[in-house]
Each structure stands twice: as C-alpha cells, then as structure tokens.
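Each in structure tokens, the structures are laid out below.
The following pair of complexes shares a single chain, chain A, combined with chain B in the former and chain C in the latter.
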Partner chain A sequence: MSDIEKSYSPGLATDIEKPIANPGIEPHRIRMTDKSEKHARTAEKQIAVMFGVSVVGAIIAIWGFFAFPIVDGDLAATRNNSLWMGLGMALSMFGIGFGAVHWAKTLMPDNEVSEMRHQARSSDETRAQALEIVKLADGESGFSRRKLIRRSMYGALAFFPIPAIIIFGDLGPVVGDTLKHTMWKPGTRLTKDPTGIPIKASDVTIGSVFHVIPEGLSEMEEHKLEEKAKAAVLLVRVNPSDLNEDPAKADWSYQGIVAYSKICTHVGCPVALYEQHTHHLLCPCHQSTFDLANHCEVVFGPASRPLPQLPIAVDAEGYLIAQSDFLEPVGPSFWDIRK
Partner chain B sequence: MRRRPWAAGLVVFLGLVLSGGGYAAATNVVQAETGSPAQVEEGRKLFLANCASCHGTNGEGAIGGPSLIGVGAASVDFQVGTGRMPGQGSGPQLRAKPVQFTQEQISAMAAYVASLAPGPAIPDEEYLRGDGDATHGGELFRINCAMCHNAVGAGGALTEGKFAPALGGVTPKHTYEAMVTGPQNMPVFNDANLTPEDKKDIITYLKYIEDNDSVAGFELGSIGPVAEGLFTWIFGLGFIIAITVWLGAKSN
Partner chain C sequence: MTSTTETSATDAKPGFAGGAANYLDERLSVSAVLKGFGRKVFPDHWSFMLGEVALYSFVILVLSGTFLTFFYQPSMAEVHYDGSYAPLKGAQMSIAYASSLDISFDIRGGLIMRQVHHWAALLFVAAAGLHMLRVFFTGAFRKPRELNWVVGFLLFLMGMGAGFTGYSLPDDLLSGNGLRIIDGMIKGIPVIGTAFSSGFFGGEFPGTEVVARLYSLHIMILPALIIVLIGVHLMMVIIHKHTHYSGPGRTDDNVVGYPLMPVYVAKAGGFFFLVFGVVAAIAATFTINPIWNYGPYDPSPVSAGTQPDWYIGWLDGALRLAPSGWDISIFDYVIPMGVMVPLIVSLLFLALVAAYPFIENWVTKDKREHHVLDRPRNAPTRTAIGAAGVTFYAVLWAGASTDLIATNFQMSLNQVLVAMQIMLLIGPGIAYFVTKRACIALQNKDREVVLHGRETGRVVRLPHGEYIEVHETVDKYELWKLIDYKDYQPVLARPDANGKIGLGNRLRSAVSKIYFEDRIAPVSKAEYELAHADHAPEAVTEKPKRKQKSINA
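What follows is the complex of A and B.
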C-alpha cells in the first residue's frame, strides 16, 4: 500500500466533523424608496402609469370589438376583432399585474423574516389520544372480536375491483390482422383521389403522377380515413427502359406504370414528393428518399424498408386494376411484421 | 441463328400494340396549335440563334439539352417566359431569372417548337381568369401539389439541392403550363389527371390565397412549424423569462 492510499479511508467523502457553516441571511439593503421621499414619489407615479396603461388596454379592447365587427363568412374580420380585443385585454391585465408587483416591490414594507423549521412529529400526548380513539372504535365496532365479519369484508374488498380490471382489459378494438390488409382486392379499380374516377392506363402519360385511392373508398361513410391511411397509392409512369425491375415482379407493372404505397415505412407520413427525372420519392417528414426506378429502395433517410408495391394490371375496358392486395404490410414496421 | 416461324408475327403484333398504345397515350394531351408560317419561320431563326447549341438545330436534343420534339408550345412559353430558358450555369436546378425575350419572340419560338410535333398548347384565357371554385381547387392543391409546394404555395425543399419554388407572383398562365408540361423535376398533370376545369380551380385557389390576408395573422413565411416554433420559443419564452427575472429581483 502506498502512502497516498493509506491517507484516505474508504466511505463517506464528507467530513461530518466540520460541516459547512450556515451562511445566514444576506445583510438587509435599504431601498432607495425608503431612503428618499423623491424616489418614493417617482415609484408612486410609475405605479399609477401602469394602472393607467391597463385602462388604455381595456379601452383598446372595447374599440376593437366595435371597430372590427365579426362579419358572417369573413374570416379576416374575425381575425382583426380577436387580435385587437386580445391585445387590449392582455395590456389591461399586464398593466394591473405589473402595477401591483411594482407597488409591492417598491413601496410596501420591506421586512425580511426568517421562520424556524419545527419538528413534524406530534407530541406524545396527542399520539396517545389518537391511539385511544382507535382502540375505542375497535371496541365499539367489534372489528377485532368478530372474525367472520372482518374476513368476509376483506373478501368483498378483494373482489370488488375485479370487474374494473376486466373492463379495462377490453378497452379499445382488437387490432387483429388489420395492419396486414388494405382495401385492395383482386380487380379493384385504381381511382383518382378525391373524386373516385377510375383511371385508364392510357391516361397515365410518362412523367405523370396520380394520387390514387381504391374504388369505393370515396363513397365510404364510416372508417373512410382509416382505410385511406392504409390504401393510398402513388401511381407513376416512367419510361420502361428507366425501370430496373425485379424479374419476379416484372408483371406487377404495366408498360412502365408502377403503383407504390404512399405511406412511408418509417413513421407513416404520405410520401408523395416525386422527382420526374431522378425518380426519387421524398418523404417530407424525415427526408427518407426512395428510388422509384429501383423497387423503391431506400437511398437516404431513416426508413428501413422499401415502399410496398401494388401489383397492377389492366381490365378489358382499359382501366387499371389491382392484381391483389399489397403482399406485405404497408406503413411503419411493427414487432411481428414478418409473422 | 434460326428464326422461329412465329417470331415475325410476334414482332408485327408487338409493333402494332405499342404504336397503338403510344398513340392512345399521346392523344389526350395533344391540342391543336398552329402558328402562321411567318411566325414559325421567325421562331426558327430565334431558336437557331438562342437554343440550338443545347437542343440541336432541329430541336432533336444534344449534349446538355433534351429533345424538344413534342414538348409543345406550353413548355416553351413557360420555360422562356419565366426566364428559366435560356439556361444559365449548371446546378441541381435552373432558376427563374429576368426574361430575355419579348412575349412576341417567345410566342414565335413556341409556334416553331409546336410545329415540330404535337404537344400541350398555350392554355385558353378562360381557364386563367381565376373565377372557378376555390374550395375544390384548394382540395386538389392539397392532394396533388401541397406536398412539394406547401399548403399555401410557399415552396419547399426537395432532394440534393432541388426545390419546389414558391408560387406567389407566378402568372396563372405559367402555373397552368407548369401543370400540363411538368418542367424539370415536377411531374406532369395531364388533362386526364387534372381536367382543364380542375386546373382553373387550382389557379383560382392560388389567386384567392394571394389576394386575401392570412386569417390567422402573422404568416412568418408560411414555411411551417419550424419557423413558428422558433418564433414562439424565442419571443414567447423570452418574454416569460424576462417577467420571471423581474418578479424575483429586488427593488433597488
């Protein structure tokens, strides 16, 4: 053992023999308003001005209410009305607040008081009295004496919360496999968002982008947004020679028309910033960038999976239809996505 | 190599299908646009003097410039009319700059390029007056345009230095032409996707938001939550901190 090691003992680093001295209260500083009547007069005037500003604020609020009447259908009129009333009322309240605080700080008594901390424990006498009351209540109710009542009451209290636990367990819908399916079915026509007009393959010229919803979605009454949030698709036509298609998915497109899920695989923002020449699809939320010409693989940003592709075909009338649902879940990944 | 007997038939069949399909694809954007022969000739001279070094002497494209065959009069009117063409310098994106030709010269070049092959025409005045349905236009704008150009057309960033420009101050004619031709990295919105009436409604919406003040007061550039958050943090919280310091300070 070296000398240095010997000179230190393990354990507390604080030396309880020499505690830090109580610094006490700072010396009292007498305010200028206490020293000179002139300063007190000035402070008095300042406070009066602040209260006066408050009155002006209230008048501005009243003026704003009448000068900018709310006109039905004119949102700008509502804005002016709210703006001037709000500014006036804020000025009015701040005027009172600043005046009151300034008054207390400059002119009200400036005594500094220190209060000692007392023990939290009650006196022995009070404690004995409390114990007496408990014993009396026990004796009169027979809580200790009548075992049957006591135990049956414990039982009732233990069973009472169980229905609540069962109700809580049943809150909310069971997700089931809804994360893995969308509205797309074999033969569902691709239609324009928001009108629901079906799209012909010949309508989609090179460089075009269509924002697509499945047929029937625009007429839905219930759960429309839930379905749209899963089924939204971006339809793009690129020069077929620019497309680097996976041979296994070559029949998922039609003459350079490809359809990809519009829901980002990072956290589900709509990815729709399509660049015609680079074929990059940019997500505006976190800058994930997908290469549409290359199976929508991620070329930049936090997304971890390519956008799922919707296999499309053309029906007898020339309209674009889905061959099937997406073959993998759309949107953000979740823990049992591969199951 | 031995040819299979059905190969020739297949080639003919494919050729017919592709040319027919191509024709069908082209027909829904083509509008008639014919300038007078004198105008086309005037345009050809201007084209040879100002455009041919990049786009080829017959507009067939060359090193540095794409082919202009089939881009239509609308494309020329937009590109030259906003000063993007003749292009200057190289970079991720050509920017709008002071226009270098008179409208007469631009129309002549547009007529010449339109004479090369059919393409989108300069839009009719009836779609540009901004007297359509602003509500419908707003909905279409939010679905088709807002992801790049921002919900009120304030513009926004794209990848690698490219950007979607702000739409304030852009003339209705250029807005329409941009939709129908898809300049630079902007996609095309042909008449099957957004009908001329739809485009008119979008122009009406843009005119409406340009002519009317923001109903919510300060716009802060309309560039979204970052600017607004920064403003609130600096001025709102700064004000609250200043008051707190004043409350806690002793009077002197």
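What follows is the complex of A and C.
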C-alpha cells in the first residue's frame, strides 16, 4: 500500500497481497536516432522539410485571398477563395504540427521519468496554523461573539443582490392577453403568404392547400413576424362529405373549405405539410400529426391539443374572410392558457 | 547582493534570449516559475489527448469567432438584401442574416472563417464529451478529482450553450425555428413560463431583441465563463498532477511520463497545429450550415428533415419520444407534459452525471486518493452504468431522426417511434447487463493469463501421449498491469450503537451488493504461488496450463 493511501480509510476495499512486487518502470528502448548520428541527421532534415512545407501552405493561403476577388453573383469565386485559403491554412498548420511531433518523437529523449506526488491534504501543522488564523480573525473581529453584527450582516447580504435581479424587470413586457389574440378580426380577408393577395373561395379547388396570412400583414412595417408567428393559417378544401364537423362549428367552414392555425400546439413549429389522401397535417419538427377531417385532432406525435380552427365565411365579392379571431389561443400550451 | 547582477554581467555575453530572460526574472521571478513547472511530468496516452482537442478547438473558436465579430451585426432590424448572392437579392431579412451572408459572400476569408468556426464548435463539444467519457470509464473522477469532474461537467453544459446561442445568431430559417422550439418549451414551464418567454424575447416571439441578447451571451458571457472554468480545470490538473494507467512503476504516489520541457511542449504544441489543420481542411472541403440555402427566418415556412447541430439532438429526441396526452390540469391551469417530461428527464439525467463521483464514493466509502486509473474492465459495475448512460443518450439522440429513419428503412413513423420508446426504456438495462458480463469475462481471462500464461495456439504432444497447448508466461511488466487494480467487497448493513439499521445503511449495503457481489478479485500471492508450484522447472518460458483446462478441442 502506498504512502498516500495509508492515511485514509479504504472503505470497502479489500487488501489482497500482490503476487509480485512492483517491478518498476520498464527499461527504455533505444531508437535508431539514439544509436546513429546518421539517422538523427535524417530526422533533422525531415523536420526542416515539414517546417518548410508550412511556409508553402501559408503562401498558398495568401495567394488564395488575392487570386479570387469577390465577383458579384459569382459563387465560384467565393468557393475557390474559401477552398484555397482553407487548404493553405491547413497545410501550414500540418507542417508545424507534424514537424514538432516528429522532432519530439525522434530527437528528444523518450524515456519516461517518475515524479513523486503529494497528498492534496495539507500537513497537520499547516492545518493547525490555518485554523489558528481563522480563530484569530474571529476573535479580532468578534464575528462569533457579536451576534447582532453577524445577523444584520447576513440580512444585508441577503438583500443587496435583489435589486440586481429586479433591474432585469424590463427585459420584456408583462404578458397581458397578447398570447390569446391574433390579427384576425371579423371581416379580415384571407390572403396568400407571402404576397398578400386575397383569396376567392372559387380559387380553392378540392385538394388544394393555401398558406394564408391575414390581409395587411405583408405590408406591416413593425411586428410583422410576431403577428405572423400567431396568425399563420393553412387553408384546405376537402369534399364536404369527408368532413366530420362539430355541429356547433358547422358554419365555421365554407363548402368544404376549412382554415386551421398553422402553429403547432406542441412547441410552435409551422405545421406545413398536408397529405391529401389522408387529410392529415404533419408538423416537420417532431411529427405531430393532425386529422384535418376530424377537427384537427392529434392522431400522432407529442402535441396534445388540436389545431385551433379559424371560422371563415365569404364576403360580397366572393373573397374568403374571417368571421372572427381564433376562439382559443394558438400555438404551444402554457400555464394559464384556459384563463 | 550586488553579486547577482555582477555574475550575469561577467558571464559570457548573455545574448538576446539570456538578456530578456534576465530582464523578466528580475521583475517577475520567471525562473522560479520555470523551475517549478519546466520539468513537471505528464503521462502520455492517446486518451489523454481528448481534453487537449477540446481545449484547442476552443482556442480555434476564439480566434475564428473574433474575426467574425468584426463583420457580424447582431440586429434584427429589417433590410433588403443587396449582396453578391444572387438568389436572395432584394429579399427582406434581418441585418443579422444579411451580415452573415456578407461574411459568406462579400468578405474574402469570411466563408472559410465561418466554416472553421462552425466545425470547431462541433468538434469542441464532441471532444469534451469523449473526454468526459474517458474520465468516467477510467475512474479518473475519484478522490481528489471529484470537484474537477463537476467543473468539467459545467464546461460541457457551457459548450452546448455556446453552440446553441451561436447557431441562433445568423437568424436564418433553421436557427429561428430552433428558437421557436425553445420558446414553446419555455412557455410550457408552469407559472413562470410565459413571463420568462417575454423576458427572453423582449416581448412576443420572435421580437427584435433576441439576437442581440444571444450575441452578448455568445461572445461575452459564455466564453468568459468557459475561459474561467478552463482556467480552474487546468489549475486543478496541475495541483492534482495527471493520473496514469496502471503499469509497471506506476503507483498512487508517483506520476510517470514525459517532462513538460521539452518533450511534452513539443508534442502538445504540435498537436494544437494538427487539430487546427484538421479543422481547416474539413472547413475548406465540407460545407456546414449553408445558411444561404435556408433563407431568412419566417415563422411560416419550414423544410422537412432538418436537423439541429449534433449536440442538441438528444434534447430534440427527448421532445419527440415524450408520451403524448399526459397533460395535467390543475383547476383551470395546464401543465403541458409533452414539454415537461423531456425537460425533467434530461435535467435528471444531467444531475446524475454531475453527481456520479459522489454516488460511487458513497458506495465504496473509500477515502483514499486515487491516481492510478482503472482499466474499465476492472470496475465492471461502473463501466456497465456508463454503458447504460451512453445508451440512454444515444437513443434520445437517434430519436431526433425518427423521420429520417422511417423514410430510409420504409417503416411507419409510428413503428419507429414506439421502437425508440421501448429502446429508451430497456436499452440501458440491456447495455448494463451485457457490459458487466463482458467486463467480468475479460477479468477472468486476465486471471487465466496471470495464473497460467498466455495461450500460444501451439499444441504439443507430451511423451506419455497427452496433448497440451503451450502457454507462455507474461513478463513481469505485463503481469503487473494485470494484477494491479483495486478491489471492493459488498458491505453488510450493520446495526448502529442503538442496535438499529438505518435506512441509509440498508440502502448502501444493497447498492454495494449490486456493485461488488459478482466481483472478480485480483490474483493473490497465494493463488499465484499455488498455480506456479506444480511445474516449477518450465515456468520461465513455456509451461502447460492445468491439464483439464489446457486440452484444446
């Protein structure tokens, strides 16, 4: 058992006598370069060549920078620039790296040596001295003795960081009911994403899919993405007989045209894939699948709420419009979603 | 005291290096530093280079990242793109995305630096992860290095954080989608979720703030923390001195290896350049994160089959494999378990990883310092636990590709998902069992070699007609490697002073049984001598194994 081990409890360790004593480090194997000066000279030259190659690599990288100036619209120039600078840099690094390692392996001594360790634990004497200092400081300051100071200091130390937390209060506005409303209002036209062209009911043939945004969104200057992240809708027309509609929501669709939120109720990716023959909507992020013919119920995947439906109608000119906003929050579930 | 300067002045001309050294030493005592560190011994083994790779990739990240900061602009204000990349000309996008495109197409060297940066990031986390596995499977986390395990663990977390924040900076379609997922997860946290989301995004998702905030995290806060932690990590390596594998001459009292100067400096310094060279070569030839193909972030479109950077995969997989329909309602409030289950499971997993050294020490109660590493086979239960953990992680990671697996192998998504869920539950158990058996088999084989020598495959016929396989004794250096390991026994729960057996005691006794019940003890002196007594004369070179066992079919 070694010295470091001796001073501590071995716990559940067994103490089995070793068959032989530790034989000590194996004898050093002599290399060619140790034996012959000729081999050592060869190694020296090889190392010099590697360092020389490194210089060549650096020159290639510099050449790559100047040889391929940026040409508007010319991707080949960019690609060559990147390729030659990268390869040149790689070569210059490899030259130094291989050179240094080869040097160490051939010419520097390769016999392993041993160095003693010391226990992490300080000596008893040092520990006693450290303890003395702590006691002295305690006595001099009266830290243990003067309870009033100590406790009030704890109080102060507990309170002083609180402003440092409060100061971040304006990182974001207080969440009002913004999560529960979108841009859709009674009469808002359904328009194509991203052009903003209104959609006529007659344009929507059976089986077709439209990616929809509310009218006005495409011209917005501010908060466009925030609104889009809530208001995006998928519009599909199916054979009305294929639709299993909730009688209470029967007038939310128009001749088999239904509009559902495109924001996945799992964690919010756009549910952008429609499978025509099954009427399934698929979210590419974690494969939640919603059955469009069945109120967009979840049929597969980690989402747990159906996609909210946007009640739609047709205006006097034949354009599709929203009857109202969504009647429930879109997107991922959260704590007070039902409030 | 004037003599010091005089001697150096009267010595042969010191030359520039000598002069500089003298100048520095008279002001900074560099000689003392060199004397202390110059010949420090570092053991050499390929597996000790994994941490170095992580360190060097971090250096590469800082170098390439600093270049990027000169050109990247963390603003979400909208502009119309007017750079060299024709397909996106005129498109509306954030300044962050436009400047990332400019780095790629309008700044010479920009693309290669972006590629170097991204590849180095992937390598950084990978190397740190493998390094962590090395430390785990060799028991390098045992006393006195438990705290350094925790520091390393934090570094790994920071690395993932730095990677994710960096991935989000270009504000392209994929990175925005990643943030959207984070937003959905944050919102799902009970009570505080929506407020946190608002605080993170500065209002509603995606807002106009988040990229700038991620930028300060990515280039200031996380790198600063990483640098500090790396400093602490390496300081501890110096204080503890590096571990070494068991072998002749290696003990818990010494460290065997090469001196820092010159061998180790040359090897490690050269190795830095090799790592940099590999990253540069890969970056030059393989495109990673071609943001120009994805387009600017827009909450509406997505492309199917996209994957996050590899180290985020296990969390994405956890989201996919979570059971659906477990949402909890409390009065009118909702806890979306589709988000909370993966969150809790992954946090628990991480907590177990961080706590492992303390758990194992609670079992063994071994208070000694350990500087000789275990060969993984010689700690079968730990190795098996590690294998179970790796399997758990790997299944979650593969879970992030359920869709790709389904399309490639023509299976239904549902089959793949259920298969993965089952694997997640039973896979770690299988891995545990198989690994433990494999370790024990290897240990038994080692015992055979110690007691009876190595099989040579040569069969000879003895004068009286019996066939035996010739066994060769191993030399003492090799032998030492096979016998030098620590061994533990399970402990029985003993009543305390009041005659009671506490719950903790009972638990520990049960766990120690799991750990050490089927242990294979190292060969003892008595066994060794017994085995070698029967055939003393031939023992030196060739000697038959015990008869029953030695006849080869």
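The criterion applied here is as follows: the second predicted complex is superposed on the first by the 221 of 339 C-alpha atoms of A that agree within 3 Å, B and C clash if a C-alpha of one lies under 4 Å from a C-alpha of the other, contacts with A are read in each partner's own complex, and residues count from 1 in each chain.
The definition used in the following text is that contacts are C-beta pairs under 8 Å (C-beta built on N, C-alpha and C of every residue); 3 or more make two chains touch, one makes a residue touch a chain.
What you are looking at is a predicted structure, and each value in this text was computed from that prediction instead of being measured.
K.L.:
For A:Ile167, using the defined touch cut-off, is the partner it touches chain B, chain C, both, or neither? Pick first, second, both or neither.
P.N.:
neither
K.L.:
After lining up the shared chain so the two structures overlap, which partner does A:Leu273 touch, if you call chain B first and chain C second: first, second, both or neither?
P.N.:
both
K.L.:
Mind working out whether A:Met32 is in touch with chain B, chain C, both or neither, as first, second, both or neither?
P.N.:
Touch partner of A:Met32: chain B, not chain C.
K.L.:
Please indicate which partner A:Val101 is in contact with in the superposed arrangement: first for chain B, second for chain C, both, or neither.
P.N.:
both
K.L.:
Given the touch rule stated above, what does A:Pro284 touch, chain B (first), chain C (second), both, or neither?
P.N.:
The answer is both, since A:Pro284 touches chain B and chain C.
K.L.:
In the superposed arrangement, which partner chain does A:Ser202 touch: chain B (first), chain C (second), both, or neither?
P.N.:
first
K.L.:
Quick one: is A:Ala250 in contact with chain B, with chain C, with both, or with neither? Answer first, second, both or neither.
P.N.:
Neither partner.
K.L.:
Kindly classify A:Ile133 by the partners it touches after superposition: chain B alone (first), chain C alone (second), both, or neither?
P.N.:
In the superposed model, A:Ile133 contacts neither chain B nor chain C.
K.L.:
Quick one: classify A:His211 as touching chain B (first), chain C (second), both or neither.
P.N.:
both
K.L.:
Tell me which touches more residues of chain A here: chain C or chain B.
P.N.:
Tallying touched residues of chain A, the top partner is C.
K.L.:
Which positions of chain A sit in both the chain B and the chain C interface?
P.N.:
Comparing the two interfaces on chain A, one with chain B and one with chain C, the shared residues are 75, 78, 83, 101, 105, 193-194, 211, 270, 272-273, 284, 287, 300.
K.L.:
Quick check on the complex: what are the chain A residues that touch chain C?
P.N.:
2-5, 8-14, 16-20, 22-26, 65, 68-75, 78, 81-87, 89-94, 96-101, 103-105, 108-110, 112-117, 119-120, 168, 171-175, 178-179, 193-194, 211, 213, 223, 225-226, 228-230, 232, 262-264, 266-270, 272-273, 284-288, 298, 300-304, 331-339
K.L.:
Residue numbers of chain B touching chain A in their complex, please.
P.N.:
21, 24-29, 139-140, 143-144, 147-148, 156, 158-160, 162, 164, 182, 184-190, 192-193, 212-213, 215-217, 246-247, 250-252
K.L.:
Tell me, which parts of chain A touch chain B in their complex?
P.N.:
29, 31-33, 75-76, 78-79, 83, 101, 105-106, 192-194, 199-200, 202-211, 236, 255, 270, 272-278, 280, 282, 284, 287, 289, 300
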